[in-house]
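Each of the next two complexes has chain A plus one more chain, namely chain B in the first and chain C in the second.
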Partner chain A sequence: MDTPRKLNLRFSWEAMLCVVLVMSLGLGRGLSGEFLGAANMSNLLADFTEIALMALPMTLIIVAAEIDLSVASVMGMSSALMGVLWHMGLPMPLVVVLVLAAGVLAGLFNGLVIVRLGLPSLAITIGTLAMFRGFSYLLLGDQAIADFPANWTTFGISTVGDSFLPQPFILVILAAIGFTVLLQSTAFGRSLYAIGSNQTAAHFSGVDVARTKIKLFVLSGFMSALAGIIYTLRFSSARGDNGEGFELSVVAAVLFGGVSIFGGKGSLVGVLLSLLIIGVLKNALTLYDVSSEVLTIVTGLLLLSSVLVPNIAERLRAARIKRVMAAKAVAAR
Partner chain B sequence: MHRNIKLLAMPVLLAALLSATAMGAGIKKDLKIAFLPKQINNPYEVIADNGGLEAIKEMGGVGKVVGPSDAGASSQVSYINTLITQKQNAIVIAANDANAVVPYLKKAQAQGIKVVTFDSDTAPEGRALFINQADSESIGRGQIQLLSKLIGGEGEFAILSATPNATNQNTWIKWMEDELKKPEYAKIKLVKVAYGNDDDQKSFVETQGLLQAYPNLKAIVAPTTVGISAAARYISTSPKKGTFVVTGLGTPNQMRAFVKNGTVKAFQLWDPGALGYLAAYAAANLASGNITGKEGETFEAGKLGKRTVGKSGEVILGPPTTFDASNIDNFNF
Partner chain C sequence: MSTAFMNQHTQSLAPGAANSPTPERQRWFLVLARNRESTLLVVLLLLIIGTGMAEPAFLSWHNARDVLLNVAITAILTAGMTVVMLMRHIDLSVSSTLGVTAYAVGSLFIAMPGLPVPLAIVAGVLIGLAAGGVNGALVTFGRVPSLVATLSTLYIFRGIDYAWVHGGQINATSLPDAFSHIATGNVLGLPILVIIAAVVLAGVGYYLKFFRGGREFYAIGSNPEAATLAGIRVNRRVFVGFLLSGALAGLAGVLWLARFGTVDASTGKGIELQVVAAAVVGSVAITGGVGNVWGATLGALLLGVINISLVVLRVSSFWQLAIQGALIVLAIVSDTLLSRRIAKWSMKKRELG
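So, the complex of A and B:
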């Protein structure tokens, strides 16, 4: 089917996100003179460190047409475990290694159950969402552990030298580069798009679907544990309820970034832009004293638009192609 | 003639001057004071914040209330950062987590912003003053004394608290347990502490669970306004209405119907509006340089009169009031 070239102008979600980001920054500048200050930029970036760390593997998972709703629970469990291990008297580097290992195990559990039982990840991870959160309450109960060593908690709240860049954000930058390379320029990344578009076809073209999926969930567990560690250090507070509800922010950021919930489509550039837009909007509106209820509505509207706009654009394009083809057919007759 | 007028005018002028200093007590005009509750829209916190706003208006300042819609450990942090950026003169906060907000409040104080906690304290380095509703000991003991009266000195009871990490709730429960050790309460038994997370639904379900799990339960003590009304609502529709005792800490407006229909005999609370009012005066006096938060300092708190700073920066509002059918109509909050 050779449609005229001009009709094939791809509707680029990323380009639109760039425009929205510039508009949001303009809005922020307009609403408050302090918005572009270094201190505020620093807060803005620090605010979504954990969400970003979990959104990176989530992008890969949703591209492969799966989902991991247990991320925030793994994060909370990691935070609680970190407190418990520290109170047992283990040295901090060992605590960090053990917590990351626990995150990997949690991810491996998710992956194995999904692959071995062949059940949808949505159902399984709703289950483990509750289960891992339960573990975190078992570990810490009603306590909050706050006596982490100062040289570690300083890392959580300091900036790089005299710049506005929060130290934990370096991890976000490194991880963003790593995940972008992984998704956009490796065979593993391409296999995710293949699985997301058509799992059976991917299987017959030689992709080990089961192994790939397990790897994804392990990666997600690891990153969620890392997010839990950073969060605990940033707030010097290990608690069982840390990060409760974050899974929705993570999924929202990924979908608003243009990743299709049906899999097979989307890019990390889009997700990173989406994280920035959500961060900028939230910060600017808070500075303007917009209440948190309205902020929730704004997030909801962003999410809705991410589902509706591409859909409407797709339909409009399909209708135009149909019209042009019909006109051609008439002319040919 | 002229002389006489001057002679007459002098004392009048002097009196006016004196009364002006006494009334204003040297509070700076146009102070920007922000209230940061644990959670906006929590009915108790709304009353406290309104009391604060009333005081700020009296003093000719600019007051506002900002805050998160969830009570997570970190959700207040971005608001603190915003208030720093907005260069407020003082922050009055009811902390969700005693430690998570401290590094950020320290940053605020380093930039000359005065910090007062009320209702729920932070670690002392996070603030200059803590405005306590009543000392925790008298609240905790008072709850057991009231309970004992209501159940006739014997039987099983359960506590329905807010979140497992709420500093104030946990301290009261500790004092309740201590009061229970006295010989006169030998026949009263605490069977369980349940947590409704300050969520109406969850508290309602927890109440139901307690009654099923402990068939001999005679009373529930809910030291949280959300918990006590949810428990009362459940009991008011159950056959145990009138015989089962629901008590704890609640607001008169919220509990009026339950007192009138016989579900609740008596409960306690201080006036949260006065608590916010006192906190605002404390913040304004700090910001005006009248006090620094040292033990023994005194300040004028409008209609509440002169107040003294106690040990470790604590200012106490006063003992709680017991509300029952005889006096509940005298209160409107």
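So, the complex of A and C:
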């Protein structure tokens, strides 16, 4: 495949996402007067905090041509563990540290099995998806723990000062900046593109492929645990089934952001735009009383269009070039 | 995936491989390892005998019937998934197809109470075919990677289901007795549903093994470029694979309706991962080209028996998922390690002459 054409498409995809974002904001404004109000914006942002936190490392993983389907299970496991540790009487800061450490361990397990044994991450993380979710049921069963200290749960639901920005969203902003710098302007980030486009070539140009991939899965485990903690505080409820099925939403958001499932292509800007679009559409349709289930259709169509639209554009362009060449050939004769 | 890395890792992991074992041991090891299905069968039998010894009630006919009825439906889905996975593709939309079909056929019965049962089954399969056609068209004509295409249709079909069902439900009372008879009736002591499943599975298995079209699935998964050069019409074959997976999901939807009677918009939600898991445990390689329906069925059977064993042994059902997950990881790891050892051993044998 020739790279210039691909690059060209990637940039136009992000421009397209900008247009779609503006359009969906307009749609939201048109559907409901309260849409652009502070209260609603606050809801909108809070609603996809967890998905965003998990989509950031997922972007890096998919760019490196791997996948982590276990993120939502790690999130649920962290939530359950948080409840159990809190009930054991540990102080909250320690609970948070331990939960994050557990997330790191879960990611390390994924990374080691995938990298050291050279196994497909899709298969392994489907396995650990079930395994970690199983652990979270083992920890908490079907009960919920809700008696977290008030000063912690208010963090989950309050906003920064008088602004509409939900407090947990600050973490998303910080993480988004951190991950963008990491992917777009560090050697580590560039090596991910190298691994994603050609692992063998990356290896021979001095990239430690194994170590890099393990780091990615550890990072993903950590962020999933963080998402679990925030989700638990936001709803002040630790449950084993928290975040069930989120893995597909996370993957969908990343792919809609223009990251290729085959790796080596995509940017965090695209993914952040895609997250915003999905959040805005979901919020706008809910305000308009479209059932949230119908939104699943929209998610699916968005995801499909992320591949179909560039494909069709590419084919049209190829057809046009062919036509022009044919016309030139005729003229030359 | 680079084989160079794999070899490095295997070497560092398996130092024992260097001192070659005696030929006898190797032969025994090879026979067992080469045929992963036999290993799976042994594990399955041990599990059944073990559970039966701990809790004799497990070996009751009633219980066996329950296991078979549950597994039959998953196994049909797993067979479809096997066909798709053989070509290095994946079909995540089976659960949504199953849900839509179950509700559609149920509504058909409400609209036409006198509908003959075979016609209902045909209708279900046709709906499944349509869903499979959408997936196949997206993957072949739209050139959308199958993971993305079927993840999208997983959402889209489910969304259509929600929009259509709108909180409604179909109950067993709306279904004619002749239809429910598929799950409750027996022929020669076996539930009709299980016989249908067995016939379908045998048919798909036979097709994959002995028909040119079936072998082409393997060729495509092992090496798509080589398959194209060998004159296989890859696009057409991939399309057929998705059609098959869709049709089987449709059939599974009809059988689900017959078995459970009650369906709503969330019927079968999340079952796609279970199906992929069963295929993987049944040693169908996610990287394509390796596996068969027999193994996949054993995989589905093993996961199904584990679930019921836990219930019978009064182990909290919360263990179920954890064990299933650990089993999947274990199955992939052991399979890979075994096949690499075999590859290394046959290489050594060739070198020695």
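Here, the second predicted complex is superposed on the first by the 304 of 333 C-alpha atoms of A that agree within 3 Å, B and C clash if a C-alpha of one lies under 4 Å from a C-alpha of the other, contacts with A are read in each partner's own complex, and residues count from 1 in each chain.
In the analysis below, a residue touches a chain if its C-beta (ideal position, glycine included) is under 8 Å from a C-beta of that chain, and two chains touch if they have at least 3 such contacts.
Source: prediction; values computed, not measured.
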Query raised in the report: Given the touch rule stated above, what does A:262 touch, chain B (first), chain C (second), both, or neither?
Result: second
Query raised in the report: A:141 contacts which: chain B (first), chain C (second), both, neither?
Result: both
Query - Partner chain in contact with A:37 - chain B first, chain C second, else both or neither - result: first
Query raised in the report: What is the contact status of A:116 with respect to chain B (first) and chain C (second): first, second, both, or neither?
Result: second
Query raised in the report: Which partner does A:235 reach: the first (chain B), the second (chain C), both, or neither?
Result: first
Report task. Please indicate which partner A:131 is in contact with in the superposed arrangement: first for chain B, second for chain C, both, or neither. Result -> second
Report task. Considering only touches as defined above, state whether A:293 meets chain B (first), chain C (second), both or neither. Result -> both
Report task. Could you look at A:311 and tell me whether it touches chain B, chain C, both or neither (first, second, both, neither)? Result -> second
Query raised in the report: Counting residues of chain A in contact, which comes out ahead: chain B or chain C?
Result: C
Report task. Using the superposition on chain A described above, determine whether A:95 touches chain B (first), chain C (second), both, or neither. Result -> neither
Query - On chain A, positions contacted by chain B and by chain C - result: 137, 141-142, 240, 244-245, 291, 293, 296
Report summary line: Within the complex, chain A is touched by chain C residues 1-2, 4-6, 9-10, 13, 90, 138, 142-145, 147-149, 151-156, 158-160, 162-163, 166, 265, 270, 273, 276-277, 280, 286-287, 316, 318-329, 332-333, 336-337
Query raised in the report: Considering the complex alone, what residue numbers of chain B touch chain A?
Result: 40-41, 64, 66-70, 72-74, 77-79, 81-82, 84-87, 97-104, 123, 163-165, 170, 195
Report summary line: In their shared complex, chain C is touched by residues of chain A numbered 69, 113, 115-120, 122-124, 126-135, 137-138, 141-142, 199-200, 203, 209-210, 240, 244-245, 248, 251-252, 255, 261-262, 291, 293-301, 303-304, 306-308, 311
Report summary line: Seen from chain A, its contact residues with chain B in the complex are 32, 34, 37, 39-40, 43, 47, 137, 141-144, 146, 153, 157, 231, 234-237, 239-245, 282-283, 286-287, 289, 291-293, 296
